[in-house]
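Worksheet: one structure, shown below.
We just call them A, B, C, D and E in the order they show up, numbering each chain from 1.
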Amino acid sequence: MTPDLIYGVTGIAVFAIGLVGAIVAQNRLRRVLALKLCSVGAGFVLIVAAWRSPPDAPDPVPHALVITGIVVMVSATAVALALIRRLHSLEAEDDA
Amino acid sequence: MIDTMVIFDLLLAVAVVALAVASMTTRDMFAAIVLFVVFGLLSALAWVRLSAPDVALAEAAIGTGVTGALLLRTLHHVQTVERKAAPEPLPVPMGVQIANAAFCGLLTLGLAAAFAGAPRGGPGFDLLVADAMSISGVDHPVTAVLLNFRAYDTLMEVVVLLAAVIAVWQIERGLSDAPAPALGEVWQGFARLTLPAIVVVGTYLLWVGSSAPGGAFQGGAVLAAVGLLLLLSRLYVPRPSHRGAARVAFVLGTGAFAAVALLVTGGGRMPFEYPLEHAKTLILLIEGLVTISIAVTLAALFHGREPVALPERAAGTGGRDDA
Amino acid sequence: MTLDPLTLVVFAPLFGAMAAFVAPRAAAAIGLATMALTGAAVAWLATEVHAAGAVRTPLGGWEPPLGIALRADGLSVAMLVLTTGVGLLVSLGALDSFKGTANARLQQYFWPLWLLLLTGMNGVYLSTDIFNLYVMIEVIALAAVGLTVLSGTRAALRAGLEYMYASILGALLFLLGVGFVYLQIGQLDFAGLIGAEPSAAMSTALALMVVGLLLKTALFPLHFWLPSAHANATAPASALLSGLVVKAALYIFLRLTTYMPLPDEILVALIGALGAGAVLWGGVQALRAERLKMLVAWSTVVQIGLIFIAFARAGQVGLTESWKAAALLILAHGAAKAAMFLSAGRIKDEIGHDIIRDLDRTPVRPTLAQFTFALAAISLIGLPPSLGFIGKWSLMEGAMAAGYWHWVAVTMVGTLMSVGYFSRVMAGFLRFDRVRAPVAEHQGWALADLPPLVLALGAIGLGLAAAPILSFIELGYPFGMTP
Amino acid sequence: MTLLSADMPLLPLFILLTSLLASPVLFALPESAARLRTGINLGMAALKVALVAWLSWKVSQGVIYDLSFTMLPGLEFKLQADPLAILFIALSAILWLITTVYSVGYLERGPHRARFFGFFSLCVAATVGIAMAGNLFTFLIFYELLTLATYPLVIHRGSAEALRAGRIYLIYTLVGGLVLLLGTLGLWVLAGTTDFVPGGVLGAVANDQRLAAQLLFVVLVGALGVKAALVPFHAWLPIAMVAPAPVSALLHAVAVVKAGAFGIMRVVYEVFGIETAQVLGLTAPLAALAAVTILYGSLRAITQDDIKKRLAYSTVSQVSYITLGVALASPIAAVGALAHLIHQGLMKITMFMAAGNLAEGLGVKKVSAMDGVGRAMPGTMLAFSLAALAMIGLPPLAGFVSKWYLAQGALDAGAAWVIALLLGSSLLNAVYFLPMLHRAWFRDGSDTPETPGRPRIGWWLAGPPITTALLVLVVGSFANAPFSPLEWTRFVVSIEYLE
Amino acid sequence: MTLSAFLFALGWPLAMAFALLWEGARPVLWRMMPLAPLPALVLALLNTAPLQVTGAWLMLGLTLGIDDTSRLFLVFTTVLWIAAGAAARHWMRADPRATAFGVAFLLAMSGNLGLIVAQDAVTFYAAFALMSFASYGLVIHTRSDSADRAAKLYIAFVVAGELILFSGLVLAATQVGSILLADLRTAALDGLAVALLLAGFGVKLGVMPLHFWLPPAHGAAPVPASAVLSGAMIKAGLFGIVSAVPLGVVAYDDHGTVVMAAGMVTIFAALLLGVQRSAAKEVLGFSSVGQMGIIALGLGAGLMTPEAWPAIAPLLLFLAAHHALAKGALFLGVGAFAAQGSATSRGLITVLWLVPALVLAGLPATSGALGKEALKAALAEGSAVWAPWLTLALTLSGVATTLLVARALALMWLSPPKAPPTRSEALALPFAGLAGLSLALPAIWPVLNPIVAAPVLQAAPAAFWPVGLGIAVALGVAVTAHAQRIGVSVFFDGITAPPRALVRQLENVWAAKRRAARRMGYAIPRSVEAAAQRWRLGQTAIVGLIAMFLLVEAVAAVRDDRITAPAEYLDGPAATPTPGTMPESIDGPQMEDTDAPRDGVSDP
């Protein structure tokens, strides 16, 4: 029962939850949220893979990759949210 | 000792999963976002447990902090801009739901099995990185990877950020300044007080990045928080005349990064191959500029629309200037 | 300065994008200059590849697996040439299409986004690292979504959001796949993949990455986002999206399956079956489509399916050959579809709508655009001597030689359906008895008609150059083939 | 300067280019530039005739023209000017010139002239390409090009009816083309080559994979039979009659149906080889199919009141003479078939142009309205009558010559039934043509309102049919002269049957 | 077997004839009409061996008897009379002059039967005359103008014929010094006598140019009478020649030439004249003339070359029987056809009618073909000069007959003959019986007399084409004639109308179906696509595909037949190279160097 196993399974679970959310959710914001969960799940898997049982230091490369992933994800999220906002405004115009 | 840590790990894992489920199932969107923020912080905690403090910092600051702020801002927009009740989404037939559930279950099982069957702690880049650290120009391995070994990825990551801000400006182009969330009076005072402290923290994070956990992204995120606060507290109101400067700020990090990458080829080197003696300087320079860009960009992403001169007739009604 | 073309191919559009963003008023000029520079870089690269077979640059001097290397072989260069060439022509078309003050703002955003898109695509074609590919497809995704919603209409935004979701999800699936790859072999470069022992983690990684890519390339039944996204974008954006962007994911798929072969014959057949589904379903939808651009978008679904059939047509064993058919079809579709979308856009601009059944009710006949449309259709249908024909020929030849008659049958049915839906459009162009007003034949000629015409002629004429193209693609043995 | 040397190895290419390059120029010309267009048209057509004459001379002297260009590994785009090709090229070149003259007159002041002449040129280019194709692959390319180039011509009028006809035409021919693609691929897979070689390339395959070879034959002939209008693939031809008269003339006399017949010829002689085809037991069914088509076309023609439809069904019937001659597997019959390729072209184009003149000048489109038209348009109707009599097979007109050889060939091949078939068909020809002549010359046309006054037919319209009618007379009367179609045909057959 | 038996057989119909005069007996007698020739038939069937009886006191020394030839004649003649009687019974049911007909019919029957069993010239002549003159009543029965004319002509020829015959017989008997026919036909008669005999019998036979009476008479007589006239009575001429002329004994070249030429002319002239007639029965009459032409060919050959006669004689006998049955059937068929009320039954009768028609025309394997082919073979043994022409003529006679029969058929439909009111099916029975017999003749004949039948059975198989050609020409002519009658365009409209209507109907159905299909073709994809969007099936497909991939791969892993990485990549770059010292990467030489195919699977 090492942390990597625990958190690896956790990561996969989070990814799966996110995936379910992404394909099932109808609310636009929740779909973004779900995708973000997927991203965190993928991050878990990479970090777990980088983990070495102490005292060995972990592999830094996956860490760098996850950081990149986080930044990429926030960018994508921002664009998606901007789309949601704009679309909402336009649909509101329609209603008015 | 081990046992308690395992219990802690287990509890944390259960909490993370539970929060993830909760954020997906809670009906109230606001609650879902809050749950998500908590989930993000706990995930960051878990990553600390996995000896990944840099990632944890980045996740807490960007993945959770900035993302949460973006989500809340959007939720605010969606909830304040009046529109008729959205059409009820049509129900999906039971068969499709069952199929979804079955497939996802199967998929999860498969992923878990594959994960369980895979070697862990196996040979990665550890040895390669260790060998190359001495000539990387920095002391902290993650920073070395980010800004030297895989600098190309990082450059492209910043490009993604740039693409995002361009896309966001493009998407929300011409939108009038719809009511944005603002902080109350008390909080504005609080903001004034905290701002200098945050700037210091951010700069520090950037600086330590070369030798200890921290770096451009984390620092940028923290500095972006400054921007958020400025925007929220209306201490800074974007104006059309600031656009040029903003554009420059957006591309500053990317441009510098790319330019350095190319310019080093002047010495008969490969792109990104910093001369050993100047490596640390160059990396710090790049980091600094990238940090600025990241901070400004994240703040701009939060703000969303490009600051434009409002046509008088359309003021406050959500009209478009380019229609 | 030891500048190498590989780096330049990626960096030139990047700098161009930044410059165009910073100086919006000069965006068009910067954009064109950048296109020219990129074109020159690609040409330079092509000569080097031609001379050396394959060229590579380990960035930062760090060799893989620690570092990232850029590598170009015949296939990469072919894709680059397609991207740059089509891109250049579409850019020229865009110049005219965004004329006028109302569109000035569009132009300001079009150029940086398009150049970033180009950066991403060029990066994909030169990449040798799967994580790098992930970042690249994200660059592409964000820029592409930006272009999709350029028109700012409600339909475009809805489609763009759906596209965004699909894109992110596809990328995340890919990312998780990357995670599994690292988990298993501790490396991320192509060379590391080659020697990997089969294992559950690698299989899972392959499944995740392949499905992620299929989602991004919109193979039936994952095409749900494509038709409305491509049909509702502005014409130059549609041309880029349909002609180029889906090809990036397709290219990654092709590369990946070379280094990580699909572990079972059934999967190859499954991919082919999905392709067949795309051909048939896309064909049916195109036959019933009401709008011209929608029809063209569905035709993209069909063509993607065809490319996957080409991939699967000879089974796992014949993958070496299948590649060529797929590559030829990719090139053919890139040029022809871009031409078709541009001309469809021109027709829509001139007539004022693109309802197919009312195409013959207008006295305005943008002859040249219609002619271009027909030429592009010739390549897409696969009539000789177009490049599409050569691709289809290779596809069917391989399938026949291997005795896979079902793929031949599907291809033929698809071809017939394409005749059906394109002739619907042609009938609308050529019918005159529903118009009272005198028909102005050459009305609506414009400079903007030229780029699509060149593209369409290219799609047809390149069929004559299929042999050199094929031999060029094989430079550097992208398919691991021995001559 | 080797290009311009005495032998001019690129001569076939130049011939192809005369019309291929004319096409884009004609497209680009504004609608109003009528004179320039006419000039280019006639100039190019005349140039082509001259080049073809030169080429024929060279080929008759034994010069071999063979151009090829690799398109895919092992697969070449190949042009060759063998005597068989020359036969077809010469036909298309001469008739292009004549039809161009006619079209200029016919389309005077009509709409879409730029488009019309552009596609017209393209159509001729495709025909030349088909003639010179050195392998089935190249043939396929031009075959499809022909389909595409003729489609806009068929729907030139842009009416609903024209579009319907165009759609049917397109469906038939494109499906045919697709099947031809399948057949070409099959040939490529089976034989490893698609080249046209006198004596065939499938001899070995026919032994090993008899069924596959037979299937291939069915596929190829079926595909080509669409354009050759073999029953049951003929339905598009009468429907395509909505096209303007020059198009009909070209479709029927030169381009489309002949392309199909020519393709069948190539397939039988140079893909399978006549011996292999016989060994495979394929010629007899083909002959039977041709016979059925001959009778069916004639029978349908009798009942048609629309002049062009009657002519169209007549084409269905007459073109199958060519197929029949090929299928009889006798050198003499082959002479008949090849000669008929030319003769039928001349006869049918005359009749279609004459029919066009009737419609233009008098508004007469029905057989029942033909009363007295002979007096109203004597020149046109003389040409028409000459061609009709030639169709029936009266000596010394062209039709007689080919029928004579077909009959002889039938006896040579031991297929006496063909004689009966020919007699029957000639009888039917008489049944549907003679009433037209009777009406035209021996009935009073007082009840047709358009008759009074001289018809508005200029020499641009009247000249071409008269010319072709004279040619009908000449090629029949001087059949044995050097360079007559018949003589050339014998030359071709001596090659095809030598192997 | 005694004289009384013969006398009964001959006297029975005579007695019936007289009994008919008594009104009360008529119904019974009419009902017995088919039985009138029965005794003669029984006589013929029972006596398989030649037999001769004499009644020296009767006439000039009555000699009756049966030999091989007469027996066969008697058989088919009686059969024909039975059938005709059966038909007459119904045909005459409501006829006011039925009695007269019946008397004439029975008298003629007696005469006919009598002449066959007669063995001396006088008896023969008497019976012959009885038959001939009694037939006048049959010919004139309807009393119409045409019947009158026909009867006049008939009687004129009969008279002349009887005269000539008489003189011939007399002359012959004088020369031989005996009135026994057996003596006449074995003696060397002089040319004149033979000429007279030939002419006299020729009148009855109807060979040109002595045929003029025959078609009108056959046309005018009621159907049952026509049947016997054509089937039985004209054979009397043949029988007479065979019985009285010394065939096979002396060569009569000139006579033979004339007869043969007449026969040849007859065959074709009958065609030319026959097709112009406008009544079916007249045409059939001409057909009879033509058939007698064939007989004449045989006779002529026999006259010229006595050696060939033994071979020819049985064939002529066979042909006579063949013609009697077939032609009788055809005549009765015309009657049966006329009696039918509905088109359907007429159609049925027509189909049945085609049986004797084709038999007559010489469809291969029928009696007509067999007889003619055998005759060809036999004639080939005769004059070498004539043989090819004879062969040709015989062959073409098939065409001629076919055309005539076709003409008759056409006329039957176009202008159906009148029939008295009667039970329509009653007339069909005798017709069908005769038709069947005509078809079965090749099987029956050997039973009756194997020796006589032998050459027939050995005949070469016949060609179909004469009949086929005849049919084709007939069809062509019919079509043309019809077309001309109603106008060419009307005609073509007519023949294309049903298929056109069918096609139009199909087109309508097809168009309706197509419209429906088009609607569905538009609606279904749209709704399916809409449902897919609404139910977000694309999203499901994402997870579905991944799951499917994983499943397939798991199964493949379990089966352990996975496709592994390409062979030549395996010896690729080192797993953990150090930075800066990595000479190779994926575009290193490892890919170019190996010759192995990329896939490890197909490695040979």
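In the analysis below, a contact is a pair of C-beta atoms (placed from the backbone, for glycine too) under 8 Å apart; a residue touches a chain by one contact, two chains touch by 3 or more.
Quick caveat, the model's predicted, so the values are computed rather than measured.
Minimum number of contact steps separating subunit A from subunit C: 1. Between subunit B and subunit D, the least number of touch steps comes to 2.
Interface comparison, C-D versus A-E: the higher count of C-beta contacts falls to C-D. Nearest to the global CA centroid, when each chain is reduced to the mean of its CA atoms, is chain D.
Distance from the centre of subunit A peaks at E, each centre being the average of the chain's Cα atoms. Taking the mean Cα position of each chain as its centre, E sits at the greatest distance from subunit C.
Between the CA-based centres of subunit A and subunit D the separation comes to 69 Å, rounded to the whole angstrom.
Centroid to centroid, with C-alpha atoms defining each point, subunit B and subunit E lie 104 Å apart.
Look at where the CA atoms of subunit D average out and do the same for subunit E: the two points lie 50 Å apart.
The geometric centre of subunit C is 79 Å away from that of subunit E, both derived from CA atoms. Counting partners per residue, subunit E has 536-537, 539-540, 542-543, 546, 550, 554, 579 as the residues that reach two or more other chains. For subunit B, the set of residues touching two or more other chains reads 92, 100, 104, 107, 110-111, 115, 120, 123-125, 128-129, 132, 149-150, 153, 157, 160, 163-164, 167, 171. In subunit A, 15, 19, 22-24, 39, 45, 48-49, 59, 61-62, 65, 68, 72-73, 75-76, 79, 83-84, 86, 91 are the positions where the chain touches two or more neighbouring chains simultaneously.
Residues of subunit E that touch subunit A in their complex: 536, 539-540, 542-543.
Contact residues on subunit C toward subunit A in their complex (touch as defined above): 66, 131, 134-135, 138, 141-142, 145-146, 149, 154, 157-158, 160-161, 164-165, 167-169, 171-172, 175-176, 178-180, 182-183, 186. For subunit A in complex with subunit C, the touching residues are 15, 19, 22, 28, 31, 35, 38-39, 41-42, 45-46, 48-49, 59, 61-62, 65, 68-69, 72-73, 75-76, 79-80, 83-84, 86-87, 90-91, 94. The part of subunit E that touches subunit B in the complex is made up of residues 534-537, 539-540, 543-544, 546-547, 550-551, 554, 576, 578-579.
Subunit A makes touch with subunit B in their complex at residues 1, 3-10, 12-21, 23-27, 29-30, 32-34, 36-37, 39-40, 43-45, 47-54, 56-68, 70-79, 81-86, 88-89, 91-93, 95-96.
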